[in-house]
Structure formats: structure tokens, C-alpha cells
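Look at the two complexes coming up: subunit A is in both, with subunit B in one and subunit C in the other.
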Partner chain A sequence: MNIINKVKDLDRKLDCFITVDEKSKPLCEGKLSGYTVSVKDCFCTNGLRTTAGSKILENYIPLFDATVVEKVKNEGGLIIGKTAMDEFGFGTFSANCAYKIPKNPWDLNRSCGGSSGGAGCISAVLEKHIAVAESTGGSISAPASFTGTVGITPTYGRCSRWGLLAYANSLDKPGIIAGNVKDAALGLSIIAGYDEKDSTSINEKVPDYTKSCRTNLKGIKIGIPKEYLSEGIDEKVKSHFYKAVETLESLGAKTEKVSLPMTKYALSSYYIIAVSEASTNLAKYCGIRYGATLPLKGNFDEFASKVRTKYFGEEAKRRIMLGTFTRMSGYRDAYYLKAMKIRQMIIDDFKKAFKKVDVLASPTMPVIAPRFDEISKLTPLQNWAMDILTVAPNLAGIPMISVPCGFADNMPVGLHIIGNHLDESKLIHTAYAYEQKANLNRGAEI
Partner chain B sequence: MIDEKTVEHIAKASRLELSSDEIKKFSKQFSDILKEFEVIDEVDTGKINPCFHPVETKNVMSEDRVTECLSTKQALSMTEHKENGFFRGPKII
Partner chain C sequence: MIGLEIHVQLATKSKMFCRCPTGYDESKPNTATCSICLGLPGSLPVFNKKVLDYAVKLSMALNCTFPKETYFSRKIYFYPDMGKNFQITQNESPLSRNGYIEIDLNGKKKKIRIRRVHMEEDPAKLIHIGKITDAKYTLMDYNRSGMPLCEIVTEPDMESPEEARIFMNKLNSILQHLGIFNPDFCTIKADANVSIEGGERVEVKNISGFKSIEAALKYEIERQNKEMKSSGKIERETRHFETETGTTHTLRKKEAEADYGYIFEPDLPVITLETDYLAKMRDVLPELPDARAKRIHEQYKLDKSVADTIVLDKHLADFFEECAKKIKNYELLANWVLGDLLKCINYNSITINDVSKNGFMELMEFIEKEKISPRQAKEVIKVFVEKGTSPKEIVKKMGGEAITNDKEIEAVVKKVLEKNKKAVDDYERGNENSFNFLFGQVMRETKSRAHPDIVRRVLKKLL
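Presenting the complex of A and B:
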């Protein structure tokens, strides 16, 4: 079976793609020759439909490639399609999808995590595959944890956001999901780097991250934040995490408890900032220049309201309205500005911890992948609370990697390793050493 | 607490139309969410500056040079609302 037919067959079973590119061919030979690459549907792909998981962009065919897509193409990557996601990245379970909801290959009744659910899903079942994904508040780590794959979210600005359909500009980070640490490191080495088209991208040389795939952890100090092992974390998840800590110690790492006292305020601050930025970003979708539209009728406000009401999904409407509220005159200082100040204090917390330790470790998600019938019963607040372990590092713009650390109820559990700004190499080193010793990465059978 | 009148107001500002059932539902949800957000009031942020970007960027300048951009035809290719080389929109006032 050729690869595209195989991908289509997997997609029929798992609903992991919004668009499969049947005509794709590698542009050249390069470091990604022999790999298939999928791209989360929030990155613009020249000539290939890009929806950000929303009906408001159902027919949008970009005229250019996002910088990270261009980089993948220039290294000979075969782009097989655009992966399923929550609408504009608004979700933790890929259940807020305007198209198909990706199913977890380990149990089809369970979520792949979100918002890069399709990316996690395909990486769990396809060998020699690199998924270009994106995280705002945990959208790479959550699917990696739930699908038993490796997800790396780099430092904010390490990868260009040019050509990314924005959710929240100060939080969005392109990254990679793959079946193992080495492939994730290879993917990151390719998509990282300064881009003059993104003024927030970091102008620092990109190392070859695959060279950090070493197995001895002697000299590495790992901090375990006590706030990340609080009551809300499933006991089975915790027990796998503690076993992982023992494995890390057996490899020569030293571990010690640390405290991140601002953790309690991360979830609220994250959501205030994320919805505030999302509400301004989504203001541009008004049915005139591109995207879904209706016949021109009424004045601008009436026309745009009709288009937006018809094509935005419920979670998008919820976040747009809440973000409009938190930025409104009279409330802005109490919510948006206050959250921005707390964000600085959260960064200071991490910086203090990184004076003592090289990296931090915690479970990635508080639970294993939930079933869809469980998700449908959650209130928006309960839904958002699932991000409790991932929002703080995402707010701080520091890098993180999720690597499989065991199975609870036959579902994968993720180990989260978090590093200081631009310390991706240390994360990859630690995760690779752990992965080689634990030997828990195995693709899902489907 | 976000009452139904406030939900109607923010929906209008967001250019979204809501049914009366939706207004009720969002009013309840937003009130619950804002109650949760209140936790941040505990924090004394006195002299802390707001953090707009997690990684500091300073005066990023780009060279002033002519580069390629989309042609009019390309820019208009994604919409049905066009006329004589321009986008066509609804009346503004």
C-alpha cells in the first residue's frame, strides 16, 4: 500500500486529518527524506486548504507557506496532510472540532487530547513520522501524554509564528510531536530559528538537537515542584511519575523538591490572557476578504455578526465574548493587566527554581485520556482545569517535553520535563536518556 | 456576576448574535468562570510590571526594502465580494 493510501486508511479509522494531501511530493532531498510530515491545520500551507479547525475558514486556501512549513519542505519532508484540532486551538481534548473529532488509537472511545489531537494521533500509529504542532497552553503536551507520543514545546519565539493562524500571540508556540525523542529533536532542529517576518522570534543560533540525545544523566539536577503533585492528580498517574523519577535517578540524575508558589494562580491568569488575545485575533474574521461568507446585506456590524454567528462554534464564541469582557473599559485593569503582572511573577518563580536545578519534572496531565462520554459532561470550567499542569510553563514561555512513562488502565501516561528559556537541549537530553532506559515507547496497534 | 444584560452587551461588541437561551446559559457560565478568576485578587502585584511577552524583545527593526507582495488578483481570489479590482463590503454607516 502506498503511503497516502495508508494514511487515508488510518484517517478513516481515527479521524485524525481535516485534509489529506493526495498530490504531495517531496520538493528535494534533505534531513527529512524518508519521513512523512503532517501539519496542524492552523499553519498556512500554500495551495492546501487551511481551516484552523473552524467552519469560518472552511474554504480557505492560503497563497503562501508558514515559515515552519517552508522549512520542512526545504528539508525534503513529504507533507501528507493537515491534522485535526480544536477550533482555533480552543480545547484540551480535540472535542471542540468543527470537522472530525480524532479518536485515540489506544481506545477509540477516548480523546487524543488537544488541541493538537490529530498530530498526536497520527504520530502514535505511523513510524518515521514528524507532526508539526502548536501549543498555546498545553496543546502539544496534552496530546503527547494521551497518545503515548513525544511532544516538544520550545521556548516562545524559538520557532517563527509567521503563517500561523493566531490564537493568542504572546503564547503561541510552534513545536513537534513524534513517536520518539530523536525524531522530535530532528523536527525541532528543522523548524526552529530566527525569522525576520516574526519580530518576536529569537535571533539565536539553533543547535542540532539530535546531538543532545545522550544516555547518561550524571550531573543533571531535576526539581520536582511539590505544587504539581497536589490532590487533583490521579493516583495511578502519580505512581507512574514516581517510578519515572526513580529511573531518572538510576541514570545518575539528582532530584530535589522545589516550590513554585504562584502555581495556584496560573490557570486563571492563563485563561484571562488567552481569551483576551483570542478575542482580538478573531475580530478579523468578518466574511469579506477570505473565509466563509454570506450575501452582502445590512450594514457592516449586521453582516459581520451574521457571518460570525453562523460559522464560529460554541467554544470560540465563549472565548471571544469572555475576552471582550476582560478587556472592556472598567474591567481591563482588574483582569487583563492583573493577569499580566501575575504572569511576570510566575516567570520569576521558574527563574528562581532554575538557579537551583537544571530541569523540572512532573506528570504531564492530571489524568489519562478521558472517554468522550466523560468529556461531554464537563462544564467549561472543569474542562479548563485539565490544563492545570501545563499552563504555567506555557505562560512563562519556557520549553517543555512530554515523554511516555507508563500505562494506566492500558492508556499512556506522560512525564513532563520543563526547562529554562532556550534550554531545549537539556530537555531532549533528559527525555532521551529516560526513554532509552524505560523503553516504553511503542506505537499503538490499529 | 455577569447578568444577561451584560452578556447581550459583550455579544454585540463581539459581533455575535445570541438566542435568549444562549444568553441565559452564557450568563451562568461566565459568572462561574469569573468567580474562579477572583483567585487572582489575593495576589499583591504592587510594583510588578505587566509581562506582555515572556521573552524580552527590544526595538526590532526591519530593513526598509521593496519585496514581492500579493497581486490584486491573488488578494481577491479568496472572496466572492469584489468589484473592479476592489473588495466589496457592506455599507459602514
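Presenting the complex of A and C:
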């Protein structure tokens, strides 16, 4: 069967693509020849519809490629389509998508995680596939954990954000989801690098991360943050995690407990910063220059309000309102500015920890992928609490990787390894060694 | 009390955050645009370092102090002139603060304090069909979107529209000397905060150019005085200045301080103002108007006020100094430059740069060496400025150089006295006016070529 037909067939069952590119052809030969590549729908693809999971961009066709997309194309990647996501990345289960809600290939009644849900989903069922994804507060780690795939969120600034439809600019990080560590490392080697079009990108040489795929962990010190194993973490998830720690030790790694005392403030600090920035990024969508619109009527404010009311989803509206509140004068000091200060303290927490250890390890998500009927009962706050283990490293802008570490109730569980600034190589090394030994990666049967 | 917020477009080659040209064609809307200045999804701003150089130089010329670090903020408000519905500007961390400009009020010096200088992007241009207050629809031209701006905020230190005008003239001269403002494609706009005794502060927006400021303020103060007399109070409001009619109109009544929900601009890194960088900028700072006026006063032995006036227009000062290399009677030169030359330039609506230096120096040589009479010179300069013909040609056409020869003049005087016996009689009876009449006749006879001093002397002698 031709690959595009296979993808369309999978998409019919799993709802993981917003747009499948039937006419796609590789531009050239390169490191990605033979691979299929999917791109999260928040990255601009020249001439190919890009919606960020929102109705407000239903027919938006960008005029340029995101830098990461361009890099994939230049390495011969065959881009098969744009993967489903929570609207503008606002979610942990991809259930806030205005188009399709991707189904977990391990159990179609369960979520793939989010917001890069489509990316996790397709990576779980398609071999030799690399998914270009994006994380703001855990949007790569969550779906990787729930779908039994490998997700790398690199250091903030390691990959260019040019062409990324912004959620929260100071947190957004392009990254990779793939079926195994080696493919994820290959993907990252390609999309990483300085870009003069993104002033926040880091001007440091990119190593070939695939060369870090080594199996001996001798000399590696792994810290286990005690705050990441408190209540609220599912016992089955915890026990798989402790087994994983044993495996890591068996490979020569030393483990020790560390403390990240600012952890309890991470969630609120993260959400305040994220919604503050998001509410400004979403201001541009007003039906005037592009995207969904309505017949011109009333003055500018009335018109813009109507367009935004009609086309933004509920979660987007919630975050716009919250974000407008957190930066209003009178509240700005108590929320936005305080959150920015806490962010710095969280960074200091990690800096301190990395003086003692090479990497940190924890479960990726506190639970296995929830069922959609469970998700619909969650309050927004319970929903946001799912990000408890991923938001702190995302706030700090440090890299992380999620690898499968077992199955609970036949659903994958993820091991999260967090590294110091620009220490992607160490993460890949640790994750690869673990993956080879644990031998738990297997594609979902569909 | 008057305080000004002045927006100066900077003459960099490209826009503030993208590579689009700043010198775009006004007649072709939306042609100098890209994904960045249109604010398309996925685009990111990249700061044009030249904008920083220019703004730093301006801050230095305004005697401001710099922080160690400065950064951009997002100012969020929904308006169609902004592609992103937020403006990249500076809020709590302006580029510089606490400066001043010294102005001259009839010989008295006064410092107008500068509160802050910050950098921001210009929004797009909106063209309202009809008036801003009742237009049915609005056209948008994004050529201007992303043009680099410096906003200069003064303290409310000006006490009259005249002071504001003098301040703006001085600022104009500073901008010209710095070479960061090009009137061919840059605009300058001011918002003025005006309050009179007992009234609340009124903001007048949209005062364009250097010239409208005085008119706008005069109108507004007059209006407030009338209002105060009739209703006893001035309400807080924002008004719009209409250039065409020279009047101001209510835009928004009595609103609370607008809430722009500022956040730090996360797409742009913090700018560190390194000591080395600032020192380098200070090194390349050109001579500024105050220093130049002082030098011109000393070097050419001109009155301080004359020197001050000359440097108000950099190009005029350049012109003067160029000519002064050859014309050594500096006072005479200054008089002609500031007098007839300026008058003719204004009359013809041209600029000093349109006037040929060599041509003017030729004319000045004639005057300096008294080869033509002042009267002749006044005629010659008119033709010279308007048509650009060389003064030598003009003088030739007018019948030649000045007559300075007593004998030649005597002949003409005799002829005139012959012809005007009645006037001669009147003069003898003590009518002084007759002398002037006879003098005029001699000048007419010689087509103003006769030197007036000699004519007077000869006339007196022969009468």
C-alpha cells in the first residue's frame, strides 16, 4: 500500500491528522530519506493549510515554511501531513482540538495526551517516522508518555521558533516525537540550530545526537527529585518508575535523591506566564487580514469581538480572559511579575541540582492516558494539574526526554529524564541505554 | 503648562524589526511589507541594531542617562493599524531618562527637561474616508507599519505655544545634526498635554510636523480659556488636531488611564548597554547645535544670537560655513544668508540645498567688493534663487556691474537735475522729500547700478 493511503487509513481510525498532504514528495536525498515526517499543525508549512487546531485559522495557508520544516525538507523528509493538537496548544489531552480528537492507538477510548497528541499517535503506529512537535508546558512529554513513544523537548532556543504559531513565546520549544530514541535523536539533530530569524535561538553548534546513543551509563549520576514522587502520582506509575530506576542503576548509573523546593509554585507560575503571553499572541486573530472572518459590520471592536467569539474554542477564550486579567494594571504585580520572579527561582533550583547530578529522573505523567469520559469530568484546574511533572523543566527552559518504561492496565507509562541547559546529548545517552536494556518500545497494534 | 510626547521616525535604511525599506513609495500602499511588519502568524521580529545606534545618539544629544539594560515590551490594544494588535515598545525600561534641551527665550536660557526616550515601532497608516469621528470605513496601508520611532517625552516645562515652537525648532536642529532624521521620508508627530490654571489635563493628538505645534497649542489654549470662562471647568479628555482647519475635536471623553496590559516582549532578548558601546557612540557623535553655535560665534565673530539662528537649520549652517571659506566678511555673509537668501528660499518654497553654493559665493563677491550695489544685489538674488542663473549672467543682463565712478554718476545726476527743475526748486525751499525723489530718479536712470552712497554724495554736492 502506498504510504499516503496507509496514513489516510490510519487517520480514519485514529483521527491524528488535521491535514494529510496527498501531493507531498521529498525535495531531495538526505538524512531523512526513507522516513516519513509529520508536522504539528502549529508550524507554518508553505502552501499547506496550517490551523493550530483552531477554527479561526480554518483556511489559513502560510506563505512560508517554519525553519524546522525547511530543515526537514532539506534532508529529504517526506512530510505526510499536519498533526492534530489542542487549539493553539491549550491542553494536555488534545481534546481541545477544533477538528479531530486523536485516539490513543493502545485504547481508542483514551487520549493520546497533548497538546502534540497527533504527533504521539502517529509515532506509535508508523515505523520510520519522525514527528515534529512542540512543547510549551509538557506538550511533547505528555503524548510521548501516553502513546508509548519517545519525545524530546530540547533546550529553549535550541530549535528556531520562526514559523511557529506562538502559544507562549518565552516557553515554546520545537522538538521531536518518534518511535525510538535513535530516531528522535536523528530528528533533533536535523531541526536544531541557530536561526538569525529567531533572536532567542541559541548560537551554538549542534552535535550529531545519534552519536550519543551509547549503552553504558557508568559515571552518570541521576537525581530523583523527591517532590516529583509525592501524592497525586498513580501507584502503578510509581512502581514502573522505581523499576526503571533499578534498570538505570544496573547499567552503571548512580542515583540519589535531590530536592527542588520551588516545585509547588511551578504550576501556577507556569500558567500565569503562559496565559499572559498567549492572550497577547491571540490578539492578532481578529478576522481582518487572514483566517476566519464575518461580513463587515459594526465598528472594529464589535467586528473583532464577533469573529473571536465565534471562532475561538472554549479553552482559548478561558486563557485569553485569564491572561488579560493577569497582566491588567492592579493585578500585574501580583500575578505576571511575581510569576516571572518565581520562574527565576525555579531555574535556580535546577541549577543547584545539576551541580550534584548529571540528569534528573521522574515519571513523565502522574497517570496513564485517561479515558475521554474521565477527561470530560475534569475541572479546568484538575486538567491543568496533569502537567505537574512537566511544567517546571519547561519553565526553566531545560531539555527533557520521555521514554516508555512499562505498561499499567495495558497502557504505556513514561520515564522522564531531565537535563541541564543544552545537555540534550546526556539525555539521549541515558534514554538510549535505558531503552536498549528495558526493551519496552513496541509499536501499538492497530 | 505644556508637555510634549514627540514621535520621531528614524532614517534607518530598513524598518525596525524586518528588512523592508523605510523609504517606500507613499503612492503605492502595502508594497513595502513582509510577514513580520504585517504581523503574520509565525513571524518573529529581529531588532535592527541601527535603530539602537540612532536612538542612543539622540539620547546623548538630549543629555539623557542610560540604564545598564533595556528591553522591549508588548503594549496590547485592539486597533486595525497594528497587525499583531499589540505594539512592540518600551514600558518600564526606556532606553534613557532624565535629559534636557536648552532653549533660548529672547536671550534667556531655559532648560526643558526630557523625562524619557524610548524606541518603538510605528503602526500602519489608517486612511479614514471622511472624518476620523464619523468615517464609514477605513483603508489600511501597512507600509508605515514597523517604521522605527523614538518617542521623546518631556516634562510639562513649556509655558506657551511659542516656547513649544522654539523647543521643536531646537529638536529639529539636533535631529538634523545627528543625521538620524530625513524629512524626505521621515515624519515627526507630537501629542501635547495642555492644561491651564484650574483645569484638568487635555491631551491633543496628531500634531504633525514642526510647524503645526504652535498653531495647535494656540487654538487649544484659547479654547480652554473660553471654556473656563463659560463653564468654569476643563474636563479631562483626549482631542484630535485637524491640520486642515487648525482646530481640535473631542476624540474620547474623561477616560481612566488606558490599561495596555504590558508584558515583556518574549521574542526579543534584553539589550545590554555596554560601556564600550556607549563610549563608541559618544566618539562618533557629531558636533551638536549648542557647540556649533558657540564655535560659529567665536570663529566668525558673529553675534551669539546670529550664530544661534544659523545653527537652527543645519543645512543653512553648512551652507554658511562653506561660503565663509571664501567670503571673509562674515557679518555681511551672515546678513545675506539669514536675510535675503532665506526670504527668497521661503518665497520659492525650496530648501537651502537647492541653492548653488558657487553661485551664491559669486554673488557675495560682487557685494563684498561693491561691484554691484545693494539694490542691484537684491534684484540679482531673487532671480538667482528662483531660476538658478549665475549671478554674473544676471548682472550682465541687468546692464553690468555697479557704477562706482564719480564722474559717470555726476553725468547722470546732472541729467536728472536738468529734467526735474521743479524738484530742485522744492529742495532749495527746504523740501527733504525732493531729495529722495531725485535720488530715486538717479537710481532708476542707472537701473540701480549706481552705488547709493556715491549718488547721495554727488547729489548733495551738485544741489
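Structural remarks
What we mean here is this: the second predicted complex is superposed on the first by the 446 of 446 C-alpha atoms of A that agree within 3 Å, B and C clash if a C-alpha of one lies under 4 Å from a C-alpha of the other, contacts with A are read in each partner's own complex, and residues count from 1 in each chain.
Going forward, a residue touches a chain if its C-beta (ideal position, glycine included) is under 8 Å from a C-beta of that chain, and two chains touch if they have at least 3 such contacts.
Because the structure is a prediction, the values reported are computed rather than measured.
In the superposition on chain A, A:Gly298 makes contact with subunit B only, not with subunit C.
Subunit A is touched at more residues by one of its partners, and among subunit B and subunit C that partner is B. Contact with subunit B, but none with subunit C, is seen for A:Thr155 once the two complexes are overlaid on the shared chain. When the two complexes are overlaid on their common chain A, residue A:Arg332 makes contact with subunit C while staying clear of subunit B.
Contact with both subunit B and subunit C is seen for A:Thr324 once the two complexes are overlaid on the shared chain. Once the two complexes are laid over each other on the shared chain, residue contacts for A:Thr280 go to subunit C alone; subunit B is not touched.
After overlaying the two complexes on the shared chain, residue contacts for A:Leu63 are found with subunit B and with subunit C alike.
By the touch criterion defined above, A:Leu164 reaches subunit C but does not reach subunit B.
In the superposition on chain A, contact of A:Tyr271 is made with subunit B only, not with subunit C.
Judged by the document's definition of touching, subunit A residues 60, 63, 170, 196, 199-200, 279, 283, 286, 288-290, 296, 300-301, 304, 324, 328, 340 lie at the interface with subunit B and also at the interface with subunit C. Of all residues in subunit A, those touching subunit B in their complex are 60-61, 63, 155-157, 170, 196, 199-200, 202, 262, 264-265, 268-269, 271-272, 279, 283, 286, 288-291, 293, 296-306, 308-309, 312, 317-318, 320-322, 324-325, 328, 334-335, 337-345, 347, 379-381, 395-398, 421. Taken together, the subunit B residues at the contact with subunit A in this complex read 2, 6-7, 10-11, 13-18, 26, 29-30, 32-33, 36-37, 39-43, 45, 48-55, 57, 60, 62, 70, 74-75, 77-81, 87-93.
Interface residues of subunit A facing subunit C in the complex, by the touch rule stated above, are 43-44, 50, 52, 57, 60, 62-64, 66, 161-166, 168-170, 196-200, 276-277, 279-280, 283-286, 288-290, 296, 300-301, 304, 324, 327-329, 332, 336, 340.
Against subunit A, in their complex, subunit C makes its touches with residues 35, 38-47, 74, 76, 78-80, 83-86, 137, 257, 259, 261-264, 266-269.
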